[in-house]
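Questions regarding the structure given below will be posed in turn.
Labels A, B and C are assigned to the chains in the order they are written; within every chain, residues are numbered from 1.
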């Protein structure tokens, strides 16, 4: 499957990984997460080396994961530590692949590629999610859409005026300015809406907003599947420092080519303890992501087989610049990885068990 | 997909195409229908050239269809007439394919092939559907069956005695006479049932029917997917001119190889204003088409993979003559189209936008 | 499909084959079963040679099966005995393949391969199912699992301690002894649990069981898809002859590679007329087969595509010996059959009608 494996991906929110195993498929790999006795999360291939049973249907006791089929037990590093059959032998063929894990910024990240290449310094910075001076809401959705089509959507703010018209339509849309820049490995799309009436969502959250505001939006893509979307408003003509805004977490982890794990959140610098605003944002996240974006992307996906069969190429608009640059960069990373795999004569996904213990950020 | 594209197909009934776009897939092509300001129907590929969004999820205003994703607007000929992004440029790559359209006989026909070959004179004659001296009932069903298997069923009146036994079984079946003739491009199957008791459906609609009637049936196939089935009865031995009967519309438009749009109707020359007879016929259409024929054809389809894998060939009976001749003719038309495409080195479905405006019958 | 065709398979329980046709797919072949006038079961390919309609949607009268589409009638040997169309000709191309049938031991067996090779002496011995000195409960389930994965499960008693822990966990598990032997064409796995507390199911059925019992289990595999699992208990140290136990029918007939017909039963030598024990066993069969085994096997199946793509080989444990020997034997039988078919230049499934009449055991 056409994925970049050598990258950090979010597999779960910390409170999803508890005293029971959690099954989740990532990049086509069935994985199981559980907590060890020291509280560290562990992630293994969810496939017992014996008969390929689902370890996630088993149980966790004493930080060990027990297979539901024949009772083999595994530690967080994937090593088989108990075999109740025959003489109890535990050859290395009974070990299961484990993945490097880092829990940071209220997210559990795994390195999906060769464990030797995992560097926690490459994990995108989402510290806004745990900033005590901000107000947070967020969660997890499973969407039946391709992650690349969702990423096109996230990097392209031109769709907001139409897909999210009920809450986000702005009379400043025709006058907005856009700039796309690359910063080290990241790609940003900056948009400014000068001196426009606040949109419906802003009016809902900031009833005291003035008649005219300046708006900013900064969508930052971190390779390969995470974006942070900072949106802010200030009275028209005032300093950007006086703005009220929120950093939006939008992290897409491919389950398969046709389904995506979506980790989302909003971290705002206003009304941070106001549960009514929490509720407004929660409803908006459900509406925007699971109804509006989902619908349009699913329909694009439904037409992609026809478009491919007829060799259609999308006719790009000016609003697509950031999405196109991100897409080309991911294509490049995939190509690099494929070529590396073919020259090294090593499959990108090792079938032997990986001994590295989980990392912790 | 093995379809004849260079042909007229019914895409919708006129009252299905209103002020909102209608999505319908025809021959594997996702299409969208809408009304222009002059009331003329337009049919476009339901796939925005920008990001392949579903135009049918958008809106119609002022006879223009607006894409739900980024607000591009298209006229009935598929030309992009508004781009709200950047400098508003509208290169021809933003145009979408349109299809020749004719609205006639209470049906909306499209030409699914090369627009230059479309000739409204080739549209089958269904004027009976709008004859004010007849009584009409009809509608539209979506069936999860292959259209060719349904067409076999329509051309073969030998199945009526068995599949529709509750209403159509006749004691004249064993004495019926059959004749199959070709008339220009059409193929007819004539059947006569001399001097038999009226079947249950006839007795229901014509309570005053005599004890013995002569029956006629004339199933006419028009290339490639429409049939008109005239069924009539007269007192045994009387002139055919005194018959009471109905012309049955049975038009099959393939959605895909496994699903068919079925446009059906009945236009009768008796009790034309009697709503009780309308109701009898409506119930009969539902029973015969969506229960009895659907069930038998779905089961044939379920077995076709097994039959193909074992290279079974159907063992034809005498009642299959018309169906076999129609089937061979469609195979020939497909072959001609395939060969023409391969010699011209032009794909049968053009990916460039088609500028022709809709025709109107 | 990778099946052994030259073998006897159970297609139905006798009381499933009544005066209406029964449709059931076996080894990928759509089949129809019905009763002839002498009460003998007949099994035909469920596919009319005319248009491939489902004969199972037709009716049975006078021991003949009538096609629902055009009224052709077939006898139990597959011969077309009535054609109501045209001159009524019945060439041999209108005959349908029939299968050798034996009704024995409250099971209906068919020979799925070349009729000439069918020998009723090869049918596995399940006479325990009709022994008047035993108490019987049993039935039929359809499971969406591969039959080979279910057979691995049946031949491997190491899983019982874990998958069926609520009722079958034994403190004698760690001390059990196992022996696997081949006896003519059959393979047995013997297990003895010396001097252990009765498990929960035993305590439920035998409230007067002593504190310590010796347990036996003898799982016998008959090629290719039937197993008989005898389980018994006696007071610890007493003679095996004094045991109370049950012979378990576990017969798997592949429907396709991903679904299996499961015929099961229990024939016990205690409390044979006690409906309360019948009920305990019925509930246990539902729990063990349709919940516990089904769940674990479905999850193995869900992972098999991943395991195959990465060329994983299962890491066998000592408890797998019987399952591995059975699996190798089935692989060998499949290979023999494939090679025979390729050297004889005859397809393993004949497409011509088979004239042999049903056998009766």
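Couple of notes before you dig in:
Basically, contacts are C-beta pairs under 8 Å (C-beta built on N, C-alpha and C of every residue); 3 or more make two chains touch, one makes a residue touch a chain.
If you're wondering where the values come from, they're calculated on a predicted model, not measured in any experiment.
Because contacts link each chain to all the remaining chains, their graph is best described as complete. Of all residue numbers seen at the chain A-chain B contact, under half occur in both copies; the interface is built from largely non-matching residues. Superposition angle, chain B onto chain C, using Cα atoms only: 120 degrees, a multiple of 5 between 0 and 180. Separation between the centroids of chain A and chain B, computed from CA atoms only, is 47 Å. Those residues of chain A in touch with two or more other chains do not exist in this structure. Chain contact summary for the complex, chain B toward chain C: residues 152, 158-159, 161-163, 173-174, 295-296, 299-300, 302-304, 306-307, 310-312, 314-320.
Residues of chain A that touch chain C in their complex: 28-30, 46-47, 49-54, 57, 67-71, 83-87, 91, 93-94, 347, 349, 351.
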